[in-house]
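Each of the next two complexes has subunit A plus one other chain: subunit B in the first, subunit C in the second.
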Partner chain A sequence: MQTKPHNHACGSTDHGVSRRQMLGTLGGAVGFGSLLQPAFAKEIKKQEKRVCLIWLDGGMSQYESWHPLPHSKFSGPFRSIKTSIPGIHFSELMPHTAKIAHKISVIRTMETMDPNHSTGVPRIQRGDPIDRGVDYPYLGSAIAKLLGPADPGLPPYLWIKPGNGGFIHREAGFLGTQYGALALGNGRPPVHIHRPDSISAELDAARNALRQKANERFKAYRGASEIDAYETSYEMAQQLMARKDIFDDSQISAKDKERYGSHPLGRHILRARQLLEAGVRFVKVNSYHWDTHGDNFNMSQRLVPQVDQPFAALINDLEDRGMLEHTLVIVMSEFGRTPIINSRLGRDHWPDCWSIGLAGCGIKRGAIIGKTTKDGAFVDGEGYDIGHLFHTVFTLLGINSGKTHYRHQGQKLAIANDECEPIKEVML
Partner chain B sequence: MNTPALDVKKAWLSRELKHERQLFRAQFSLDGKFIAAGGQDKLVHVWELEGDKKKTLNAHKTWVSSLAFHPKGQRLFTADYLGVIHCWSYEEGGKPQWTIPNADQDNVRALVVTPDGKYLFSAGDDAIIKVWNPANGKPITRLEGHTECIFSLTVSPDGKYLVSGDLLGSVRQWNISDWKPVCELNAKLLHTRLENFIADVGGARSLAFSKDGKLLAVGGMKEAKSNAFCPGKPTVLIFDWASGKQKIELGIKGKSDGPFNALRFLEDGTLAGHTEILHTNSELTFWKTDTPDPLHSITNGSGYDLSLHPDGRQLLVPTYVSGGASGNGARKRHREKYDPNGTNLKIFSLSAKPAENKKAG
Partner chain C sequence: MRAFILICLLQTTLSGWTAEHLHQSIDRLIAAKSQGATAPSSDDAEFFRRVRLDLSGTIPTSTEVRTFLKNKSPEKRTKLIDQLLSKDTFAEHWTDRLTVMLLERQTLGKVTEEEWREYLAKALKGNPKWDVMAKEMITATGKGNARSAMKFLGAANHHEMTEGIARLFLGMNLKCAKCHDHPSVDDWQQAHYWGLFTYLNQTKQATNSKDKQSYFVEGLATKKMEFQSVFETEKKNTGPKLPGGKEIEIPIFEKGQEFEKPAADGLPAVPKFRPRELLARDLTSEDNPYFVRNSVNRFWFLMMGRGLVHPLDEVHRENPPSHPALLDLLAKEFVSHAFDIKWLLREIALSEIYQRSSRLPTKTKRVESASYRAAHPKALTPEQLLNAVLKATGNLEKVYAMKADPNAEIFDRKGYFTGTNLDLPPTLDEIRAVFVQTYGNPPGMAEVDFIPGLNKSLFLMNDKMIIHWLKPSDGNLIERLTKLSAAEAIAEELYLSVLARLPEEDEKTSTADYLQQNKNRREGALGDLTWALLNSAEFRLNH
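Let's look at the complex of A and B:
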């Protein structure tokens, strides 16, 4: 595998300077090294590239969010509102995001292939590579493999989702179970993260040694993948046990909780901020129930504000903390929703022309990309498939997506669809 | 001419008016000579039933969400998703007689006028009922108490009480003489919020009084399973108006899908209801209100409103028509023709066909 894990392809001219400035500061202050080292380490850690993928499972309507088109025959009933970019409007259901539009980019011409959830979700999250007979990893697992953990003491890929948690090794595909996602059900730390008081540290270590020995014996003559998954999840649990502080809700102010919203998605995006700050490389936040085949307009009125508010708060907070230029934030689904409104005032699945939001880590600020037909139904000109987005994400993270390959059982495998390339219009 | 006998089991489709966009609301005028309808094309359409003349009233800037005729004079009130109410002379057409620009923070979901024509009520997303002077659109008072958006309004046949229903299934009674709340009826069965939901679903979507004012019907759906398709069990709750107690629950046997968005009592006490079904056929359903299962049903597309003609023998149902490409992902093959869905305004005659009537006579 060829990777360039720590270069800075985000293209920001400030970026290299700040790194040099930091090195200069250190060099000039050797005598105070012991004092400055923690601050330096913190700064270096802050500059590690990270990703937050906000996944709206089921498909958010582009008309009720990024691309309202009030004069289209397919528009919904909601107002379109001005954003902080002159001449650009979002749906009134996104008032907070409208205020930070100048900090983000929107691609309004995603044109993907699959109108089904069951095949669309994996296809999109795997980047729809050319079929070479292997199970490609989801984006989080791919980045865990290509960049490793941003903080060696933390798992590289955490997944915040409603419902149950656990170690989801299937996301890793052919990469192997160790690159799977550790899912935090309802944003909570894994259960039993605390060592019971009745077990001393020594006893705990002895028990672990025994467990490892048993695993090694088992692996010696049985298939290893399930044991590997178990081992990995155990190691991740141990890492988190050592970093219980990152789940400490008492560190979060009441004001922050209010800014992100009390609904699950708000709480989960706030948890994502904590994890990104702590040094987790890739955090995926899932929200379900966006598949509004029925009652789309009442449901959008309820749902869209639940991503609008915490997404805007996250972008502002990452910027305030100096993290936005190193943290890529993506808001997307597996597809958009049909222009035609069905018989239950719903919108169905629409991969033909839909929108995603992006920010940070070399994404242009205030760029609205793509031309659609007047009614918003189809792409007018060049559309972008998910392969283009994967190339873009890898490039922004400093990975040469055209030249970097996985190696799997002797096979050289492209990390992103070989027929696509990065979306230059969205990158600095 | 003798009025034919009411017989819903022999109901038949007597007329259809076609429109190329989806219409949410359609009502007969109180003299039965006109139909007014509004929906996604932002226009108010008025058909004159004799001669097929049609007018279009143009002032709304977004979808038309509700409408109501005034019992006297030729006035029509229409409201939209941006909180605007217009008053029209629907025979003359032209510009609105008056306009209320901010009747609601957002969507005005329901409009109703008292039988004596003294008050116009509006309600919607901001959960506050507003009382207006129908002559000039001036505000009279506001009725506060609901905590979630209001879907439905109706007035008791004696004109003494206003009833309102909201998303949470709270049905409230208000005294029109002093604007005070009287009581709250429990239709919470029609609201669902499951643990893994991030939105409320359902609500008291429709209300109707029996002609004698003794029964109140509340329509919606119960037991919604997820908020993707929002499927639930279409349900009507019948309340005894004097006691406020639920008498019976009506449903559709074996069906599971959208809510009852419209209900109307016929003169013999039969209740008519219409629901919405995704991509398949729905039913215009009739019940005797002492039996939970339907008396009769007619297969139809999804319908969002019901209006009873003053002759009591015709029921108007705005029914959605699929343009054929409303399913998942059209891809490029549909680029040549990709148009919104339309509506057929279907008029069902609630008696036997004339030939059968003659035979029976």
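Let's look at the complex of A and C:
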């Protein structure tokens, strides 16, 4: 069975309205899965396109990862190692990823303008659309809006991060709070998905039956849309409560835990796999403290392996499960790090030429693209800005990025920077 | 003489001249555009709950509902409205409403939340005039009684001030017009943005070197503001100018003559030309139709759940009002009643359309909310919801009386949501903050529509506080119910307390059945029944 490209967000007003009506609650409870026979639905669900964004906040050094140039004047102390693609080398800090290089693509010529964290993070995660006086959504919220949930019972956008979680609206921008991220602090779900111990499952069902009856009664005499939307939010709540297993560590084998690593990023990428398997549309995994202005090399030695190991494990697992062709995995930061090593043995912010890793969902296997100057400091020719990457992501997900628009207060807003286009070199 | 009076009376009736009260005109003008059947008048219980929520911020107790239902006076609705408008609970609730509308849950600037609330509450306890309040907020310098009104401008930069004032006081969302004329709204031009901006760009915060307090002061305005559209090469300029108003000439003084007062009392010199004061004067003038229409539109929204112009910050020709004649009349009458907020709210509350049922007219599947053929259900605000939950479960007094332990550590609210903090919020303020975090919009985003959400439902279903309030204690609802034996009496007290109405026959039966099925766990069963009603749409909405 073939999945057709999604065309939910065709930008026509009628379509926009009906879609908005259906999406009454957090990403809505739509998706055509619920309308199909169970067996087909399961197959469709498996083929629903998904995204995992691994965000290395602060900026990973390209020299200590995707683009080692041990003989250049900017190199650090680390060697480069052979990868599974003849002639291509990664840093020795990425031994696991080197073995799966033939399954992924790397773009070594990202050229993204903004050298500041505070503006760079939103610029990158919003895809740098042309300023039209509105707050654009971050990628996860954009996908939640454009594609809705992959599994109608699960929220479309989950965000795994160290520290606190909760419901984070701000990433939704003008799309409205319902497209925000449900954040899992330290990988844990919000406390309110747990039914109090004093309430058994039977009791919960009984009291929900009372609640539903009250709503039906109320609805019988009134306009239905608000009441339906409210009821839907309860259905989603109950579905999520019933799927608590997707947050349950005891479901994960000890061997998997070892393969992904015991550090937070490893555990969180493993949790991401669990959520993608369960049918979450978009999972963002955050890791912090990559801002290596001082002591870049010791820090990279500690940090890079923390993404190398679980990233490689994730790609292998997704492939084994037949999910890689439907799941896009992206590893990136807000920028790379300077070629020049500063006086504190650190590298500073460098948006001019840096690298990102991509895999799955129509990304070429083993395409290591982008020509840089000899020492890797600058792009040799045309670089790619984040707008190009957003077009690429949308296109891979079956969304026509040049023709699809959001509508906001009567304004037609392009979903990606109008002056950019998809990066064909990395696409199958 | 008598004949003359009679003729006059006849004339007024015949010509429909304004012996009519505003609430009657409202009904007449809505009816004139109403196509199709309309809902009947709300019954007493529906009206009572609605008007209590709107004018005092919470639902009534079961006793209050009983008393109101028993009252046979034909004047009882009018009397109730007058009573509610004169109570302190009106001032408290409208302090919430206006705070959320004007500050949009941002807490910026040097004026504390308490000072700001005191300022609003004081005005609302008296006879508040909207133009006066708006003027105080725009013009506040930090001196005198209206010092707390500074919070409105808070820590905003000049662009945020421009956008905030345009949106909240003129109904104009001018964000686009910062860089070019609005692409789809012809009425909104870049010159509007910069004309307003030029009133504000001399305003800055200064700390008085003596009392160490923060003040707003104005610098010296000497020249027009230059601006350029991103689509054009031509540069334009403007002095201070309101949309639809005249540009103000920036006076040129001889050197040394620019200031009215020299630097003194720890603050810089005061220029003779102070454009922000002029803005406050001219913007809030009864001759500024943008301000007047936006004002009545927003108060109408706060009562009716949608604006006559909706969205509220899209007041322009391409988004016409649903009832243009009504908007015109409201504006005219608001001005002739000197921007009297309570008078306007009273007239709206007295109208038949405000008092109309939310039940659809017979044989009607849906009505457009802009037709007002049935009452538009409004989401309870986070503050109303908290008060309603406390009132319904009979825990309001206890929670309001909670005293903060001065030695207690700061409550870890984030941990409360992630499960690392197992304590219950220790104060009313903390409980309110938990509700606002769950049900409010993020800072900077207006709260207008009902937006259900997964996290909101999960909270009301599973939160520990809610579970706690559903255990019998100190005369709360569950304790009161445990003392009743007849199922019918239980159903009555339950429905009156939570939904502020009497139960229907089938509801009495299902309550009795549930209690019968769970007779070995009576307290628990009473908790379930209450929980189900708290989580119902009927409770969540002000219908």
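Rule of thumb we're sticking to: the second predicted complex is superposed on the first by the 345 of 428 C-alpha atoms of A that agree within 3 Å, B and C clash if a C-alpha of one lies under 4 Å from a C-alpha of the other, contacts with A are read in each partner's own complex, and residues count from 1 in each chain.
Rule of thumb we're sticking to: a contact is a pair of C-beta atoms (placed from the backbone, for glycine too) under 8 Å apart; a residue touches a chain by one contact, two chains touch by 3 or more.
Keep in mind the model is a prediction, meaning the values are calculated, not measured.
When both complexes are overlaid on chain A, the residue A:411 reaches subunit C alone and has no touch with subunit B. In the superposition on chain A, contact is made by A:237 with subunit C only, not with subunit B.
Shared-chain residue A:74: touches subunit B; no touch with subunit C.
When the two structures are aligned on the shared chain, A:402 is found in touch with neither subunit B nor subunit C. In the overlay built on the shared chain, the residue A:95 is in contact with neither subunit B nor subunit C. Contact with neither subunit B nor subunit C is seen for A:149 once the two complexes are overlaid on the shared chain. Contact with subunit B, but none with subunit C, is seen for A:289 once the two complexes are overlaid on the shared chain.
Subunit A is touched at more residues by one of its partners, and among subunit B and subunit C that partner is C. By the touch criterion defined above, A:132 reaches subunit C but does not reach subunit B.
In the complex of the two chains, the subunit A residues touching subunit B come out as 58, 70, 73-74, 76-79, 114-116, 162-163, 263-265, 287-295, 299, 301-303, 306, 335, 338-346, 348-352, 377-378.
Those residues of subunit A that touch subunit C in the complex are listed here as 24-26, 131-134, 155, 164-167, 169-170, 176-178, 182, 185-186, 188, 190-196, 198, 203, 206-208, 210-211, 213-215, 217-219, 221-227, 229-234, 236-237, 240-241, 409-411. By the touch rule above, subunit B contacts subunit A in their complex via residues 21-22, 40, 62-63, 65, 80-82, 106-107, 125, 196-201, 226-231, 257-258, 276-279, 301-302, 320, 322-323, 325-332, 335, 338-341.
Contacts from subunit C toward subunit A in the complex involve residues 173, 175-176, 178-179, 183-185, 311, 314, 318-319, 358-360, 366-367, 374, 377, 414-419, 437, 441-442, 445, 450-459, 461-464, 467, 507, 510, 514, 524, 528-529, 531-533, 535-538, 540-541, 543.
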